[in-house]
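Below, each structure is written out as structure tokens.
Both of the next two complexes hold chain A, though its partner changes from chain B to chain C.
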Partner chain A sequence: MTTPINLTQAETGLVDRFDAARTGLAGSDAVAALRASAAGQIKAKGLPHRRVEEYKYSDLRAFLKSAAPLAAAVSVDEAKAALGAADMLGELDRYRIVIANGSYVAELSDVAALEAEGVSLADFNAALAGDKGAALLAQPKSAGTDGVLALNTAFVQGGVVLSVKAGAEVSKPVELVQIAVSEGAQVTRCRVELGEGAKLRLVETFAGKAGAGETNAVFDYDVADKAHLATTRLMISEGAGAVLATTLSRIGAKAELKTLCFIAGPDFTRNQQFVAFAGENSEAKIYGVTLARGKALADQTLIVDHAVPHCNSREFFKTVLDDDARGVYQGRINVAQHAQKTDGEMMTQALLLSEGAEMANKPELEIFADDVICAHGATCGEIDEDLLFYLRARGIPLEEAKTLLVLAFLSEAIEEFAEEDVTEILEQRVRDWLAAK
Partner chain B sequence: MLEIKNLHARIAEDGSEILRGIDLTVNPGEIHAIMGPNGSGKSTLSYILAGKEDYEITEGEILFNGENLLEMEPDERAAAGVFLAFQYPIEIPGVATMEFLKTAINAQRKARGEDALSIPDFMKLVKAKSADLNVTMDMLKRPLNVGFSGGEKKRAEILQMALLEPKLCVLDETDSGLDIDALRIVSEGVNKLRSPDRSMIVITHYQRLLDHIVPDVVHVLSKGKIVKTGGKELALELEKNGYADYTGAAA
Partner chain C sequence: MPAVQETIDRVKEIDVDQYKYGFVTEIESEVSAKGLSEETVRFLSAKKNEPEWMTEWRLDALRRFQTMEEPTWARVSYPKIDLDALYYWAAPKSVEGPKSLDEVDPELLATYEKLGIPLREQEILAGVEPKNRVAVDAVFDSVSVVTTFKEELKKAGVIFCSISEALREYPDLVKKYLGSVVPVTDNYYATLNSAVFSDGSFVYIPEGVRCPMELSTYFRINEQNTGQFERTLIIADKGSYVSYLEGCTAPQRDENQLHAAVVELIALDDAEIKYSTVQNWFPGDKDGKGGIYNFVTKRGDCRGKNSKISWTQVETGSAVTWKYPSCILRGDNSRGEFYSIAVSNGYQQVDSGTKMIHLGKNTSSRIISKGISAGKSQNTYRGLVSAHKKASNARNFTQCDSLLIGQDCGAHTVPYIESKNATAQFEHEATTSKISDDQMFYCQQRGMNEEEAVALIVNGFVKDVIQQLPMEFAVEAQKLISISLEGSVG
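Let's turn to the complex of A and B:
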């Protein structure tokens, strides 16, 4: 028996938004039922708030003051113009897949070139309408009744299904760009499937004017046996709205998943990941680099499920906070009873550049097997005055010396991530962020 | 070049007095050695010259080429030509040595209104000077001082000094931790920098260094004061008799 709650203005708005939008949203009857049930969850429980354990430090209910309407569909030309003005990756030689205002734009995506590399693309909405539509909205047990996922399921406007055929090794990185062409909530879901032995480097970017209204993007990775997936996510929009990303990863046997999520900018950002090992002898390397200033909140949350034996995971997160910014790291490694020989190593480190900044570091291990190596650690500190003095004593001015030290702090994660395509891009983003002060 | 007048300094944090009235004048081209017992304030003096913030000056002044050194930021002092070779050079993980050297050189050039060195010119310069000091390319590829042995760190300090070409070099126990060959190599490096318009303050415990880097003046620092000043023969005498004659006098 749950007691009904008093919905906030934003929550009432979301319920109304669903009633207004539901008939226009894609999907089979089964999908419609899932959407309705997710919307029902929001009506019953509201948005995730600080009394929900997983959102203790990231109170979405308090942040979202109102529910913006879903972003309207845009023409190819409008999307193209917006894209030209907001290139996130500069010179990087890559393929591109475009989602504009929540919908896949095949005309702006490198469909043919990717096809030639063994990558097929499908509109997520078309897939939702098919027999297996409801399966596309499946979520792992560890995600529970996550409120951000529920919002996504209820409202998902579109996205893409990207499949790399078995054995294909895509020669260039693929940028999956989600551009906000006009204001409004942008709700997307993308599925990334790698066939056996396939290799893909993916760079996920958000661009454009994410104004009022939340961005809610789900990425569902399915990495088959012996496949390698490396993803870099840039959450750098300048808007005032909440930017929420969720990753669901399933890793087969002898496979590798490597991800880095870079957060800089938005007022309320949450990147949450649910990673599950489904086959033995696999590896997940999960990195995070977070920069926040002003009154921003940046949250990196993650659950890694070692459900099978003989898998390694490495979680390494770095956070730099200035002004009155708040950083959150919540990471949990679960090791099931039979998941022997698990090797898990989690580290979260924060650097505070001001007195007002605050970091909540919560690394956790939940281990039911007895023959495992797992470790976790957390540190939180300021710039080392002795290091700063050494650099200044060589003639390097204060701000430049700080930049060097902040870069040094973050580059440990960026360099261990070791995706050369993006190393320079990420380091330049750090420099830009520091220079923008 | 450098005029220290009645310098009194204490530790900012707990107020304990370390320097109790230092007077020291170093003319252009001169090399001054400072010797003295552990804890007498030698490193403190060197840090104050470089601009470390842990100390509070309660009395006195320091003029560097006529300018009030104490009013300058550490990086301004460096650009003006003050260089401290640290007694304990620190490791800075994540800062690449070459990147650091380039940033430091160009920051100083910029502060002096000079153009930045081009990358080829910079590389040429580093190659030449590091060969002189037996600093290997492998060391230069590592993060700053990380994993360097004690002696390697000292050689790296002198390499920085050679690259930055300061006007006033303060060497704080550069000889400690050096093997016999390294001592010779480093001393040669330092001697190469001797010039009529460059001065040096060499802090050391051992007379041996002064065989290689021959000072014009030797001072004994005890309990925060210069208690004896003499020629290079003073170092020999100290080596033989210890500090007893002078530390007693200061008490």
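Let's turn to the complex of A and C:
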């Protein structure tokens, strides 16, 4: 389409925001060129909308009414104060890395302790200014010209580069917390590099009030051969804006990636993942748990690229919707022609608790190799009357019985994720969510 | 294994390159000027002695068509079709319509004989009352030539004729229902069809009548460069039942031929329509040259309560297929079914599936789709199941399985499952795999050769769908599948 489009107020705002902010944004000349071309894409195509297949059910153009300015930089003290008020993980014994209003705060991060465990941290902005800055903004082919990624590339304010030395096994989980200290758009990008045989457990959290501005976070995982990466993402925020997260994963040989994304709350949430196998005999386990109520929209989108032979992937997504909430699951397993012996299995299940809730499932398979086993399943329905009756006949009140069944439904995915300390936190979150009704 | 052996023999008999039905009948044809324009549409409409409103309807479609763009979302690729290079009218030359079979051009009859259509019904000639009778409304290029069994159907009150005839004899019925399921502007090819449709079948089953026989149409594309635009309209009035068979075969051609048909089914209260298709158009030669483009819009409307529409299809032919037989489940308690086998080999591209749109209460649907891809073909299942706000207690079960034979083919599954009602219960499952080595080993160990073993396993794989076909088609379908997979192993 070469015809110019009529930009919405938000789109015009974003174009203006880029013009105003571009000189202040970090990066080498090559990075600046990438940013400009990404902003050009927004100007030419606008925000992703329902006529774009990947955003068929999640119309970002219709949701974003205006473009909030980028969140201003904050002092360490302000960040510290905000952090104390919003602790997502409670008692969990962990290291912490802090990003406040889009910028990495070394002073609040456990730099020394992590260093001792073989983990080095660097400011993403510093890396962007270096020779390899432009390479840091590379994106996989399967992401195409994704609008959310383009928004991130244009505006990325900062983030962190986390590298785990080959062979290092980090003893405690690492929390990567992104906190919105004041209102405004929060645009970050983090790179997580695991050396050969390294092991890391990462918990990504979003906290604070982003207000009307969008939160746009990209996580770029590079898992080297024989490394293990387990990540949990909690997308629980009180903001009224859009919360957009993108994962780009590259998995080496004999490596393992395990992720779970937990969505509860925000009005417009999209978690999109592009997972690519780059080495043989690796495994990816991808889980999703979504809770939505009110008029919220929660979107879990996933593309798993089996580009090499002998890899396994498991995708398991659970969605619970109440009130007038809308849930979206879009998943695709690509199997390239030479990726023989691929084993892929995708499952998406949704539970609708109210009349007004809506669910859209789109589990896709795209297979060019013949010696593969791939399957997908999708179910959608309300709570089974028979199960409710069984529990009530045994004296359990209706609401409690429902809670039990919803918890059991979600626990299938949470427990299979099997990160015990995190599992407990997630299950508590589910109970809180159900009790908040 | 006599059945398997028979299949193997047929495979041997017919090479992909020597498409059995690839012959051209030489009869004088009357063709319109090339090109798509208002004149062409007027010429076409006048040739068919259509009423004024029909001409206007076509012209309206043409005007809308000229504003539309060709869709590109399907996973198929083909050279751009030059619509202006097509002829929109071709009819076997005859001064008046034939009064009986004797008056039909003998060469035409010979053509049908080669196709194996029992047009003259040997048994009737011999004075034998057949058990399973099939009425054939044969379409040779664009005009219905002969319709058999008309009398007996008439006795039952069933109207089964060409759509041109229906426009003359029953204009009110046609006017009421034509375009009511597939609107004029539904999609690019349906709109094109609305403007220039040549002919097709019209069926009306009156209230409470169970159609006494299976109705059947054989389509056949003959004239070189003739776009075929069939239009089928089937109406089952309250409490009636009809089973309709459609089978296709076309002669071998180098140039690609476009086929953009529209089929509309309407089931009123308590009515049932069963629509079965065996499609075996020329798929192109072993280098991917030639073949039919099959861009079809098929849709059934369960308009009345307790109505039922069932689609069964066996797709083995065509170079490019783009086809989604759908059901709109409007009436309460209505039911839609879709059973499909799509076999692709050589360079064939298939993008097919169904839509089940649940609008009424307590509606249910079932989708069983079996895709088999071999050679260098691409086979996509694309389907939609949706429940609207008021579709309480909607039920759907979907199963789509794909089988891959050979390493150069692709199998894709693109389901859309949209639920806007909490009481709707949707289940979907899909698998993709190759024929398991264990099964092959088991068969071969018992003395079957590789080809026989594949034929046996594939026939087992598609059994669920074959069982849904009427007897006449089931045997033919099994043979077709085996023929289509010829050369894919070993």
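Miscellaneous remarks
The criterion applied here is as follows: the second predicted complex is superposed on the first by the 436 of 437 C-alpha atoms of A that agree within 3 Å, B and C clash if a C-alpha of one lies under 4 Å from a C-alpha of the other, contacts with A are read in each partner's own complex, and residues count from 1 in each chain.
What we mean here is this: a contact is a pair of C-beta atoms (placed from the backbone, for glycine too) under 8 Å apart; a residue touches a chain by one contact, two chains touch by 3 or more.
Remember, predicted model here, so these are calculated numbers, not experimental data.
Room for both chain B and chain C is found when the two structures are superposed via chain A, with no clash between them.
By the document's definition of touching, neither partner reaches A:Ala138: not chain B, not chain C. In the superposed pair of complexes, A:Pro363 makes contact with chain C only, with no contact to chain B. When the two structures are aligned on the shared chain, A:Glu53 is found in touch with chain C, with no touch to chain B. Once the two complexes are overlaid on the shared chain, A:Glu355 sits against chain C while remaining clear of chain B.
The partner that reaches more residues of chain A, of the two candidates chain B and chain C, is C. By the touch criterion stated above, A:Asp371 is placed in contact with chain C alone, chain B being left untouched.
Touch criterion not met for A:Ala240: it reaches neither chain B nor chain C. Overlay on chain A (Cα): least separation between chain B and chain C is 13 Å.
Those residues of chain C that touch chain A in the shared complex are 73, 402, 404-434. Every residue of chain B that touches chain A in the complex is listed here, in rising order: 50-53, 73-75, 77-79, 83-84, 86, 89-90, 92-95, 99-100, 103-105, 107-108, 111, 143, 160, 164. The residues of chain A lying in touch with chain B in their complex are 385-387, 389-398, 400-401, 404-405, 407-409, 411-412. By the touch rule above, chain A contacts chain C in their complex via residues 53, 337, 340, 350, 352-355, 357-382.
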